[in-house]
């Protein structure tokens, strides 16, 4: 079992090396501010995708309202720092708590719904959240929230992303995570094995919502103004695309999905009129040739070359 | 006298006009191996679903270990000590054989969320124990060689054995088996029946076994209940059942 | 009295808006019924229909009815092409991959349209004289009459097709159970193709009618109505044709009432809130049958 802990440490070490390299490249301006911004967006998208994957991929509950929780985190966060002058970290925690709480309150009644019915209900709830924010003059309404202090930088995003990955990876590789996966595989059998399916569905939904809140708070403090228009159901679709593209039920996949989607749209930025057309075609072609996503249920730690570094610890 | 583990009185359930089970009266003593037989559509699986809380009875009471379990959710009933298999196999088919068994240890895991997320405290020791106990169960059912295969890729008979192994991982007092030998060849069936008697002794279990084929249960069950059209038409030792004219009529059709 | 008057007036507005949702929702629900796909591109098909109608009127100088028919035919064919190219290869893929493909198709139609017809909104020409009829104290304008009239006619035709024609019956059989239908000699591919054709044609009609009603069309016009139509389909019980119509009308009426009496900013929120409430009490929609899995 110390093997698992050792694998964690190797991973952590590797991540920190990547972080150090990127941070140096940013400080020395080798990476332009355009690419720094994109690295930040990738990090935020990774948090969004992994937390959505916990709900959609691991627990099998089809949620299409993830951007709504992101909005709650973003607005809670900017209110904390702008109106109450609280430290950034407090804002992040507050965003997570409020988004998580809302996830809990929404999840409790709606997670009884199945499949596409749950999808449209969560989509609707995400839209309701956005419309309510749009009608709150306190946070600037439809025009947006102005005068935000720019707190988010690459270091914050990377370290919080790492924390998120760590928490969600450990969660899914435990008895609690197995309970969620069992629900995805066969709800009736899961219940017959002593799993309180309602509790675990709500738990996954709440944790997922809380991390969406964290991502939202990072997103909100990356600009001087945020508006409800950033959190429409099309944004939720975008996170779903990252998850499915990477592979439902694979953390590695969500990282890859967030990276690929953000990277494609950054590379195509100079051709705005073709950008979305190419993106759409790429999406369709990917689904033709790899409908299970880039990674399926696989994790990078259980693949060929990495097997040797991460000896058999049987983490899925 | 031996103590009663499960007792059902007057249990009935109606599905839109059809009385799938009616006035179901029965008991199981601790340590017994009981058979529940009956023709197709007699209501055997429905009786299981009533005991395990999948369906709620329209009338009647069900007690397990002296406490009523009517109105309890299936997972609560499992946590109290009743585990089951399914007639139409319900494995976690995309997962490995080992994970299928590990999942069922769920209600015996004590580490909490904080210990999970930060991997401290009981996390490692309990995970290690779960893995070892799971492998032990897989060995008993000759599945240890397939531990890392996906459950859906197992041969049919092995899938049925995995269902039993998984149910045992929930550490039940009472094990309900719904046609565990369905689809197996005679040799596999014979081995399975021997294995069931063996695990009963080894784990100190009480077992309720549904079987379609009467001859199968005769050999290993102490008592047998016979169900027809949702009603118990006979109950007794295998010998009594074999000679019961009602049962002969139900199985051979009209004439007897 | 004043309240009642306004209420009925909003009801009339609601039914005409609801008719449009109903036309789009029918396609959604038919397609879902057969291949269990939430065809998120359906709203964009409706947008394409509106543009074809627009060009038929402005470029070819047609009047409304021929323009409507041309738009329905061309869009119907487009629907079949989309199905053939994008969804058919994924017949056995996981449902979520097909859904993502549908989102891809949706993006493609939106942004390809933007490229070809420019993102700026177009003003739909006035095709029928702007008359207003007084029905007692209430006002029904010409566009509303047109919308409700055409919707009614199309629904009668659809009912005939589904109830009486061979393909329609095959469609119903396939939406009940594709595999069994195939065993009974129904050519599933043809039925699916036909379903996309009819569904898209109905959406095209809705697109042209919306152009007539609101006078303005743009490449992203399909996003919200598409979503609303899906809400309508789920509200009525997805896969059920009368459910889609009822859902559409209910949604239209709710939106009109909320806009008229509360505020139009809460219009969309109200639609979703009603949907969620209905689902919580009747998880399979108003007309849906609650089925439970047999254990």
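As written, the chain order gives the labels A, B and C, with residue 1 at the start of each chain.
We take it that contacts are C-beta pairs under 8 Å (C-beta built on N, C-alpha and C of every residue); 3 or more make two chains touch, one makes a residue touch a chain.
All values derive from a computational prediction rather than experimental measurement.
A.B. asks: Quick check for the class: compute each chain's Cα centroid; which one is farthest from the centroid of subunit B?
C.D. replies: Here the answer is chain C, farthest from subunit B.
A.B. asks: Pick the chain whose C-alpha centre of mass, unweighted, sits closest to the average of all protein C-alpha coordinates shown.
C.D. replies: So the chain sitting closest to the middle is A.
A.B. asks: When contacts are scored as defined above, which chain pair ends up with more C-beta pairs, A-C or B-C?
C.D. replies: More contacting C-beta pairs are found at A-C.
A.B. asks: What is the distance in Å between the mean C-alpha positions of subunit A and subunit B?
C.D. replies: 41
A.B. asks: Counting only Cα atoms for the centres, state how far subunit A is from subunit C in Å.
C.D. replies: So the centroids are 33 Å from each other.
A.B. asks: When the centre of a chain is set as the mean of its C-alpha atoms, what distance in Å lies between subunit B and subunit C?
C.D. replies: Centre separation, subunit B to subunit C: 49 Å.
A.B. asks: So which bits of subunit B are touching at least two other chains?
C.D. replies: Expected reply: 54, 86.
A.B. asks: Enumerate the residues of subunit A that touch no fewer than two other chains.
C.D. replies: 188, in rising order.
A.B. asks: So which bits of subunit C are touching at least two other chains?
C.D. replies: Where subunit C meets two or more other chains at a single residue, that happens at 295.
A.B. asks: Can you list the residues on subunit B that touch subunit A in the complex?
C.D. replies: Listed in rising order, the residues are 52, 54, 73-75, 78-79, 83-84, 86, 90-96, 98-99, 102-107, 109, 111, 113, 116-119, 123-128, 130-131, 148, 166, 169-170.
A.B. asks: Which part of subunit A faces subunit C closely enough to touch in the complex?
C.D. replies: Result: residues 62, 109-110, 112-114, 116-117, 119-121, 123-125, 127-128, 131-132, 134-135, 188, 233-234, 237, 240-241, 244-245, 248, 273-277, 279-281, 283-284, 287-288, 291-292 of subunit A touch subunit C.
A.B. asks: Subunit B touches which residues of subunit A in the complex?
C.D. replies: Listed in rising order, the residues of subunit A that touch subunit B are 1-2, 4-5, 8, 167, 170-171, 174-179, 181-182, 185-186, 188-197, 297, 314, 316.
A.B. asks: Enumerate the contact residues on subunit C facing subunit A in the complex.
C.D. replies: Its residues touching subunit A are 32, 38, 40, 86, 89-90, 93-94, 96-98, 100-101, 103-108, 110-112, 114-115, 223, 227, 230-231, 234, 238, 265-266, 268-269, 271-273, 275-276, 279-280, 283-285, 293, 295.
A.B. asks: Which subunit C residues qualify as touching subunit B in the complex?
C.D. replies: Residues in contact with subunit B: 295.
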